[in-house]
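One structure is given below, represented as structure tokens, and several questions about it will come after.
Chain IDs A, B, C, D and E follow the sequence of writing; residue 1 opens each chain.
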Amino acid sequence: QASKAAGPKEIKIGNILPLSGPSASVGLQNKQAVELATEKINAAGGIKSLGGAKLVNVFTDSKGDPNVGVTAAEQLINTEKVVLISGAWNSAVTYPSTQVAERYQVPYVVPVSVADKITERGFKYTFRIAAKDSWWTDYQFKFLEEQKKLTGTKIETMAFVYENGDWGTGMAKQWHERAKKFGYKVVLDEAYPSTASDLTPVVMKIKTKKPDVILLTSNAADAILLTNTMATMKVKAKAIIGTGGGHADPAFRKNTGKNCEYMFDVVEWETDLGRPQIPALNAEFKKRYGYDLAGESVDAFASVYVIADALERAKSTDPKKIRDALAATKLCVGQGKLGIDILSYDCIEFDKTGQNKHAGIVLVQFRDVKGTMERVTVFPTKVARPGFKAVFPMP
Amino acid sequence: MDFDIILQAIINGLLTGSYYGLAALGLTLIFGVIKVINFAHGSLLMVGMFTAYWIVKLTGWNPYAALLVVVPLLFLFGYGLQGFLIKPVLIAQRDVREPTEVIIVTTGVWYILDNLALMLFGAEYRVVQTSVSGQIFMLGDYIFPKPQLYGFIITAATSFLLVWFLKYTKMGKAIRAASLDRDAASLMGINQYRVYNIAFGIGAAIAGIVGCVLIPFYYVFPTVGVVFDVKCFIIVVLGGLGSIPGALVGGAIIGLIESIFAQFIASTWTELIVYVVFLAVLFIRPAGLFGEKRDW
Amino acid sequence: MALIEIKDISKHFGGLKAVDQVSISIEKGQIYGLIGPNGAGKSTLFNCVAGLYPPTSGKVIYDGEDITGWKPWNVCRKGLARTFQIVKPFQKRTVLYNVMVGSFLKTSNPSEARDRAMEVLKRFNLADKWNILAGNLTIADRKRLEIARAMATEPDVLLLDESMAGLRPNEVDETLDEIRKIRDSGVTIFMIEHIMRAIMTVSDRITVIQFGKKIMDGTPQEVANDERVIKAYLGESYGAA
Amino acid sequence: MALLEIRNIDCFYGDVQVIFGVSMHVDEGEVISLIGANGAGKSTLLRTVSGLMKPRSGEILFENEPVHDLRPEQIVERGIIQVPEGRRLFSLMTVRENLEVGAYNSRAYPHLAQTLKEVYKLLPRLEERENQLAITLSGGEQQMVAIGRAMMARPRILMMDEPSLGLAPVLIKEIFTTIRQIADQGTTVLLVEQDVQHSLSLSDRGYVLEHGRIVLEGSGKDLLENPDIKEAYLGI
Amino acid sequence: MNSGSRRKTIDTVLKVALAVLVFTLPLWIKNPTYMQILIFMLLYAYLTTSWNLVGGFAGVLPLGHSAYVGIGAYTSTILWITWGVSPWLGMWVGAFIAAVVGTIIGIPTLKLRGAYFALSTMAFGEGVRVLAENTVKVGPCVVGGPQGICLPLVPGNNLALFQFVSKTPYYYIILIMLCIALFITWHISRIRPGYYLAAGGEEPEAAEALGVNVSKYKVWAMALSCFMTALGGTFLAQLTLYFYPKQILGLDFSFELAFIALIGGRGTIAGPVIGALLLRPVSEFTRIYLSSVLPGLHLVIFGAILILVMIYQPFGLVRPLSRFYDRMLDALSGEKKKER
């Protein structure tokens, strides 16, 4: 193509995100993170090996609908002629749209969709930055095991409560496997429709079963409703652990107030991590868009750096070369890449399925820090916020 | 199963069912009078919720004080909606008893309102802490969440007022007359379209009331109406389209099914039970529990 | 044996006994009249015979066969066609279309149905209006269409519910001629009518009902001179035709 | 002076013209019959006066003021009240509620209680049936309610479209007696009827409408004796 | 030359030209995105034509037809994945099941009037969705619960397994399906069942009195409609290779079919096609070009378009378009259309 002599002035990156429909809120946050990262990279001189070419993002709305996502991918590839696609937040959209990219042999970077199977189909052009969802449940159980030892608390029974979508049911499957492995008794396995108008019946059920630990997988709205209803109905447990998603949404803390205190959540990232660049970036993001960075935004933010790095090394906009460059990615903290320096783990490197093999997870607890509810990293202990330790069992 | 639990489930079911019923009430009124399925009903509820949300958020009022603003506002909104958008289609379909094509208009309004809200407020979920949020009232060991309890009382009061209005006031009678025979109503000096506007306005105002009732314990977001839409449709058909007691009883039935069955089976399946019960009732009583067979 | 035997038919709506133990028997080839005050239950009785309502009790025997509670379409296929007091044309369709729906009963071939329908239209002086939408017809034409449509099913019995209400006297006369012609072609007719001049001249026999109950039956003369009928229905003596 | 004056109006359904340049007038206190074949356009004429449809040309004056541009409810406010063809009661409302709705217009509403008494006096049977749903009434009773409902509006001119349609002979007499009483109380009446004998004999004047045109006009008595009328409408 | 023949010639020429254009489109359009949009247009036209058999001819308003699309997609896909049955065969099984389900649901609901029917079918559609979301596995068959089913990729263009890399085969398959569906509706509207359906839809009591078992014909129409809809479901599954309950059994989907019919002209033969041809591109292009400007804006515009069409053309766009076509013919031929 025209990449030879002067190189292109602009490099088009396609982004598929849910900008309307039920997951529009997170879709928008991802979009903003991508825009901010792109701006920074372009300001720093763009892709130098391509003559300082600027990255240009083309956003298309998937509505969270796979069919729309597929059409969007085709449109990005054929009409917009993007060299690479990034997206699509909803696993259900990522799944078929990566298939399209694979057919056209266009690289597809997946910042956040966590469904295991996305990188388990032998695709050559799909690369995922976030951890697989099976890795998340690992951390939840690791944490429990450690706390059992540490505090001598007896934990025998568990309740699984999750939204009945793709994600929640996937998590529940993992939970069951691990509960069996570690010898917990599952007293309640309850999926609920994520559009429920009333979750009191579910909460009533939890109350009857009196589980030691409640594992939750929820979207934002239902996480809020569930937590508030549990408080109203006076449900108590030794530990309530969320699985990111809704619990990580800033709206969750804002809208549950005191009710979420001492709850746990797993997350790929947190603002209080001990990385020096985080405060400044978070402040900038917050000033611009009105809320804190979240794990998913950070993945999206980092993904732009991964893409830029691959382009830099590919020295070309030929999709095949970009793919090879992506496959050879090795970006680590301390190389002066802002997007990488803020991660909770040390390097991004893809295994042969395209999965970032270092992607890590942390456990946070909602704590009242000087009058405001904050997410405090408590596990693994080496990245925990200084001076904080998990309160376990929940009081 | 524990008797206490069942009783608590019944309490929850009735409290929940009451605001379901209230949400369905506006829908059934609009259908009864104008014979239009208002697919924008959930969106009106959303508008009511957002209004109440902002009022409470900005002024810190008691959420029920927001009714003073929400009710007139939604009334005017519904009034205008019917007057400007639905009326032209009704005029074009003057001879049709149930102008089904109007659903396109009401669905269009639904899309527009939901997405305008998205553009204005973003997709995030918002909850506002009100003076009654999270408070409970205990009767023995039984928990009555106060916001739901107040919702129950407001439902009862609203239904009573509506029935009284339709039965005893001049405008109420005119509304009923126009719903039975619009041309004949014209010949009595009733401006049928104004009557429709008012009926639609009242229906919208009731949706607004539901918004205020929900604010203390539910969250607001642009597509919140969709959560209640399908439920409302089931309730009104179950109870009998156009029937006020039908909406209330239908709401209670759905609330109870959800609450009680969830104690025995997975709550995703209770949704299915709702549909099964709904279809079963239709097989037995095609006009719904309180439907007037000869009228439809 | 009579062609139609209505035996002790009752129809209750809730507590209302709209038809109460009425028996009528109609011979083949007769024109049989049914009269009575408004709300006496005449249309309800028709509806019970034609299958629109299942009777609460009693029997309808047609040609030796018990057709009580049969569905309307089966009654029609059996050879009893009816018209409605409030005419129900398919308003958005042409006159021809309306009649073709009737003539399809005896043939499934569209062009044959069309030919038969045109013939019926000719008989009822509607042929030149075949392409008009039924909704745009005058009342008189609609009533005529109602009969034409029923006749297109080639019935053995025709049930007419106030087919002449709202017609001008000379139109009434035309319709009466048509009815006689239909009868002469071998069709038995059972009709409800409030226009005395019509029903008294054309009927062979008349039944009078009031409050759902049969008051009497007899020849037009007998009916016209009956004290009870005069008091309940006619209001004054109808100069016996 | 004419109370109601129709000047040269043309009416259409879609592209089909059904009224062709009709002019007529009704004076205060008169009883006027409008007769004509089925589909002549009688109901259309009444609908036009009531504002349910608009004339394409011509004008309608009530007390010398044009009313053809007004909406139906505004026309009712003036006191032009119609008893529509086929009764058109509010089926699921009680007799009393039907009557109350009749008095909806602002001229009549303040006098509701008074008018109700008068109507009950005129039609005592309605008082007996006060709380019955309209749908459960017999045809004759329904016609009474329809007339009573119109009277509740305190009509300046009462237009009736085929009040005797589908009624038993005994009821037809009763209805015409009632109409006579209404006229005697001073209400102007415009009567559309098939029962020419009854209607012309209680009318001061009559018009004959054929195919949308007025073809004959005269006093009730003259028209009754007119041989053409006799042949066409009385079947003699 | 007899009058009107010139007009007729032009009419024929235009129609033939249109047909040729439609059948050769893949030769002109190389961009797969546009092909995909075209295919979806045809698919929606096909599904709406099937919908129209009940929604248009039987005079009721079904709002749950996505259930039958889903039944088609699920059946053929499950048969293929579990037992290796080719979708070409499986689609008939799915269609048959859909017809049976449609009949069972139709028998009680088709007796209901107007809004009752609309809302009941809507509730039924939602019920099927909930059922699918709660069923992960039935015996050896993976239903997939809320995650739905992903069809394994078959390399290359494989006619036997109904999977192609190129869009062209999909285009011709759905085009042929649409032509058949149009022929069926056209034919039905001219024979006895068509007359009976229309009559029953307009005045059920009158039709029954003329010997028409109205419910029977409506149920037949429903069964046929469901049958055809399910075939479209299999096509959709093979085209997107991935489906899940919220999408394929969603309310939005059912609504869109009804809208296309209402906007195009319900109960007419061309209506669904015209509706799909106009509405699909509008929703696609506003989404593509506006969604990144301001999220939600495209749906606001879509809603506004729906409302405007209904206010100005409450009986759908077929009428003004055919009037326009007639005028155009008049102008081209210099002859007036003969009034029948």
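Here is the rule we use: a contact is a pair of C-beta atoms (placed from the backbone, for glycine too) under 8 Å apart; a residue touches a chain by one contact, two chains touch by 3 or more.
Given the structure is predicted, the values throughout are model-derived calculations rather than measurements.
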Set of chains adjacent to chain A and to chain C: E
Shortest contact path, chain A to chain B, counted in steps: 1
Distance-maximising chain from chain D - centres being C-alpha averages: A
A-E against B-E, pair bridged by the larger set of C-beta contacts: B-E
Chain of greatest Cα-centre distance to chain C: A
Approximate Å spacing (C-alpha centroids) for the pair chain B, chain C: 47
For chain C paired with chain D, centre-to-centre distance based on mean C-alpha positions, whole Å: 30
Between chain E and chain C, distance of the C-alpha-averaged centres to the nearest whole Å: 44
Residues within chain B bordering two or more other chains: 115, 118, 123, 222, 266, 268, 271
Junction residues of chain E - those touching two or more other chains: 130, 133-134, 295-296, 299
Shared interface positions of chain C, touching two or more other chains: none
All touching chain pairs, where touch follows the definition stated at the start: A-B, A-E, B-D, B-E, C-D, C-E
In the complex with chain A, residue positions of chain E that touch it: 31-33, 36-37, 40, 130, 133-134, 136, 145-148, 150, 153, 165, 240-244, 246-247, 284, 287-288, 291-292, 295-296, 298-299
Chain B partner contacts - residues on chain A that touch it in the complex: 20-25, 27-28, 164, 189-193, 195-198, 200-202, 204-205, 208, 220-221, 224-225, 228, 231-234, 249, 251, 254-257, 259
Residues of chain B defined as touching chain D within the complex: 170, 173-174, 176-177, 180-181, 183-191, 292, 294-295
Parts of chain C lying in touch with chain D, wherever the complex brings them together: 16, 35-39, 85, 136-141, 162, 165-173, 194, 196-197, 232-236, 238
Of chain E, residues touching chain C in the complex: 190-192, 195-196, 198-199, 202-203, 205-214, 340
